[in-house]
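Both complexes below contain chain A, partnered by chain B and then by chain C.
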Partner chain A sequence: MSNEPLLDVRNLTTVLDLAAGTMPVVDDVSFTVGRGETLGIVGESGSGKSMTANSIIQILPKKIGRIAGGKILFDGRDLSQFSDADLTKVRGREIAMILQDPHTSLNPVYTIGNQVIEALRLDDPRQPKRSLLGKAINVLKKMNVADAERRLHAFPHQMSGGMKQRVVGAIAFSSAPKLIIADEPTTALDVTIQLQYLQLLEGIQKNTGAAIIFITHDLGIVANLCHRLAVMYGGRIIESGTVKDVFAAPSHPYTQALLRSVPSIDTKVYRLYAIEGQPPPLTEEIAGCKFASRCPLATDVCRSHRPDPKPGRSGAVSHEASCWHLGETL
Partner chain B sequence: MSLFVVTIVVFSLSHLTGDPVDAMLPDDATQQQIEDLTKHLGLDRPYHVQYVTFIGNALRGDFGQSTKWRGKSASTVVLERLPATLKLGGLAILISVVASIPLGVLAAVYRNSPLDRGASVIALLGQSLPAFWLAIVLMWIFAVTLGWFPTSGLGGLSYMILPAVAMAWFQVAALTRLTRSAMLEVLDSEYVKFAKVKGLTENVVIWKHAFRNAAIVPVTYFGVLAGSLLTGSVVIETVFAWPGTGLLALEAIRGRDFPVVQFVVLFFAVFYLFANLVIDVVYGLIDPRIRQD
Partner chain C sequence: MISFLKVENLSKHFPVRTGIFHRKEHIVRAVQDVSFELEEGQTLALVGESGCGKTTLAWMLLKLIEPTSGRFWLNGQDVAELTGPDLRQYRTNVQAVFQDPWASLSPRMRVFDIVAEGLRLNDNLSDGAMTKRVDEALCSVGLRPDDGHKFPHEFSGGQRQRIAIASAIVQRPKLIILDEPVSALDVSIRSQIMNLFKDIQSEFGCSYVVVAHDLGTTRYMADRVAVMYLGSLVEFGSTDKMFDAPEHPYTQALLSAALPIQKSDDKPPIVLRGEVPSPVNPPSGCLFHPRCQSFIGDVCSSNAPNWRKSGSADHWVRCHIGTEWG
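For the complex of A and B:
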């Protein structure tokens, strides 16, 4: 049991049923997350990284979004077969989530205390108020929320963005979840606050042993915080492996391009590398590789046949990339 | 300030409708009788003098004697009829809120479902049917044909149901649509998503987290609602011969009973202002951000 990964997503496909047609936003995605491990999912906007996260705990747009195939094995149970009532018991307790914008993730009309206690009460609805208050102060203190006792009576609009995101983190960690999904939790924060927040998450992770899925487009965060990463493009994972292997030997042309477009303090460049063109619209059905239209290495086979995952250039077992031209460098 | 404007409008309008002396005296009254009565009522004085006298007396709580209901002050005449109107209006408000809030919320939660479509049909009907016509149709079906309710008059709950439903329908329509659109916006918000992610049940997410934020919109409309139920009572009370202030207002206008008309309209205006004051207080209770401004 303990050798099995905590989360094992197999061939997950999530579609949106829109008036314009059915749109596969997550397209045959497979990955695993071990206990206590941090997986980074990287990709540009619309690459399907948030939709992958939302699929795991199934908070897809009502009536429009649905899981069309695949399995989501969490602790041995297939979440894709769960009813909404069963999922409610998993959400918050076993899998928690931190959303992108702290200014909008807390309800403006309730106090911080109300919103923290509400989450704590789920573990045992009959707890007396006083012990809940104590626990609430405790979880806030763990997230370094200054002056926690007084903050319980504050409303979200009376706090800074960084402080609010700490409260959100405190709520997420409050019931000792096995997995935390952090969907760009630092994008809306100041750069100085970002680092503090990430260190806080890392510290709590070490103490609790929770696994984290970190969704971001910031490769710097991935390099510092994650053990492994998966690169998404057009709803598919096109490369995955340990952070060390992928950064040292990026194998997919998209990953190579992505790493090249990040400024470095070691080398002096006058113009940053940019990937030509735009991602193809998700409504467009593409038989081959989704990156083919922007890829300088693309040939006929890329446009007609979808590449399967193959061992990446690092040679490590866990490093895989889906490309027909793995031998070539951009 | 708004009250001051209302008094001028009321005063002018009631004088534009004609001379009460015509209504009070028989058709064969002599010129002498007409002049005497005009003088007695003070109607021979210039309009601005009449207005100032009216305001001065009103401030002292004296709205004058009714000219139609002899021997009673205007305020007594109106206040005697008030309980009937408040009962009917209260029931109509109750029906509107009880029907439209759940309907609007559920229509938003189950968007595009048969329930949502049903709610929009009800809303469309309510907003396009004139109240007096609906009142007559309801009376015809449920009172005349089916005999379930009495057709008209003052009485217990059974007398009130048809007029209250006729009054409430339009409001149900408006409130349902407002509630639905407010809920749709809130249900899309991140804090509702986060509440769901926390593991709260759908009921808690909808009613605790979403509805309280959406409630501002229907509450705003509540001020309009309270006012329009009073004014709407003029039509409905007439159709159902319900002896409230609405019916009284009509009788008073027909009888050129200026003091009563003025008091009724002023009372409606004060009621409306008061309802909106209450709503401002309720805003603060709902949303802490408003409380602190």
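For the complex of A and C:
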């Protein structure tokens, strides 16, 4: 196995062509994902985290979404240059996806068995369904779907949310993908079910060696599941590094504020830190740092010049943050 | 002393029909024998997973649905017996803020009218006095009086929730029911709104019953916590005690499933078996026994546990562990 990362995204820019103008939803974003590694992408709604992930396999809004620049090197090939036909061979096979809402990602009129087998037949559509039954039961069992034989004949509405999300996971892992993109996979689940699911993902990842991009707004999940993380704000990655480094020495004021604004369950807090204001609309063109309008440390240079990534406070090589005031604490 | 809010054996059962011709009738025990008390100016959190009955309980307190059995009192008044003007007064005194500010605000009404609607219905105010009240409410939630001329779609999620809060506090309620008030908001906005709730409480002295599934929110907002599982309370007590030394195995699992930002490697999380059973056909004995990590034997599956007082003054647990059985 080579040392180069499985996925190497360089200067990716994705735009939406709207009537109001061209809107960069992913703005010059670079990151890597190593083999078997879990990268957490954290951000608020509209920060571009889902668009970044969707750009990798190019499932962008039809006609209006396009990749305007950059490279997506996956296993040595540049996916941004792929034709749609070539991408079809990658989607669902080498790169699989788990979406947020299991109620909408499964088809309500087909049985679970049908949908698992459909995924298994991607490689050879002429294989008879019957021959794949055993394999289907196996992939469901790997995701701890209780009573897998019987579940094959069940429809999605007959299952709980947690069970459905396991089926979605089983479909994703059925083709032995090299990379799984999990877009808020546990947001629709209850906390005790979420914990079951995350442990399951971790276990399967260890067994299969698949890499995971985990998109979430929940910093707790990132702290417990991911190896590295990238924090996004306004379509840009503003800080990235190993989970340990970033949580121990958050360097960008936004990351610092975010970590301080989440109430802890272990200690009593009398006043939470609150970030004033709200994220700027994506349609607004901002020359400088996108967080400047909400940042207590902002000065003129922040509003006029875009900061480049610089070494973060932990001093670790992989830890970077884009801020003009890295030396100052919020 | 009369307690501010007293709830006694409150239950809500919903009939559901199943079978081909919908002939078979089952009963969903959405809320079963819930009792608690709340002091004025305090915050009670109802915590549990989806389907545990916390929202049904909140709706009964709002008198949006009638309880099947049981009663509750606000300031010593039996709410079930209220009629006419007294009932109107109750609806003024008890307000609500819901989860989704995209759904809870009428898109066709201007912010001023949304906030003023309750005043128009219940108070006989002159136009000038009404404008003053609305402007005050908008200022209290951090909006400007000018914002009253706008429509909800002109605001972001956090600001919409501020409008919803303004329309609740404008009537100067004694109790506000908050049903997942920050769940639909972005992380950086949540702390703004939670702080706002605290400011309003210290300004107006109102009480909150907050329905939440996020335990960090609960710890920050609540003075007391009621943990619900499958329609019943399983543990009740002060927030600090509940979070520092939870006694019911379900509370322990719930706390352990909340993934903290500061990862502590010394305690592995408690992963529960299986899923929440159907409330149509609840388990025998202790409702939690099929998933319980501390299951101690037949007593759990055959006998429903009674409330027992835990060491500290006002902390109650419904579990066989710690009794003569355990």
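Just so it is clear, the second predicted complex is superposed on the first by the 324 of 330 C-alpha atoms of A that agree within 3 Å, B and C clash if a C-alpha of one lies under 4 Å from a C-alpha of the other, contacts with A are read in each partner's own complex, and residues count from 1 in each chain.
Basically, contacts are C-beta pairs under 8 Å (C-beta built on N, C-alpha and C of every residue); 3 or more make two chains touch, one makes a residue touch a chain.
Please read all numbers here as calculations on a predicted model, not as lab measurements.
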> Just from the overlay, do chain B and chain C fit on chain A, or is there a clash?
Replying inline: fit
>> I'd like to know which partner A:I275 touches here: chain B for first, chain C for second, both or neither.
In response: second
>> With the two complexes overlaid on chain A, check the angle at chain A between chain B and chain C, Cα centres, nearest 10°.
In response: 80
>> After the superposition on A, what does A:V191 contact: first (chain B), second (chain C), both or neither?
In response: second
>> Applying the document's definition of touch, where does A:D84 land relative to chain B and chain C: first, second, both, or neither?
In response: first
> By residue count, is chain A touched more by chain B or by chain C?
Replying inline: C
> Between chain B (first) and chain C (second), which, if any, makes contact with A:A119: first, second, both or neither?
Replying inline: first
> In the superposed arrangement, does A:G92 touch chain B (first), chain C (second), both or neither?
Replying inline: first
>> In the overlaid three-chain picture, which partner chain does A:L106 touch, first (chain B) or second (chain C), both, or neither?
In response: first
> Does the superposition put A:K129 against chain B (first), chain C (second), both, or neither?
Replying inline: neither
> Taking the superposed arrangement, what is the smallest distance in Å from a C-alpha atom of chain B to one of chain C?
Replying inline: 7
> Any idea which chain C residues touch chain A in the complex?
Replying inline: 49-50, 156, 158-159, 186-192, 194-195, 198, 213, 215-220, 239-240, 243, 253-263, 269, 271-272, 274-276
>> Applying the document's contact rule, which stretches of chain A touch chain C when the two form their complex?
In response: 44-45, 146, 160, 162-163, 190-196, 198-199, 217-221, 223-224, 247, 257-259, 261-266, 268-269, 271-276, 278-279
> Tell me, which parts of chain A touch chain B in their complex?
Replying inline: 57, 59, 62-63, 84, 88-93, 96-97, 99-101, 104-110, 118-119, 122, 155, 157, 168, 171, 175
> In their shared complex, at which residues does chain B touch chain A?
Replying inline: 111-112, 189-191, 193-202, 204, 209, 212-213, 286-289
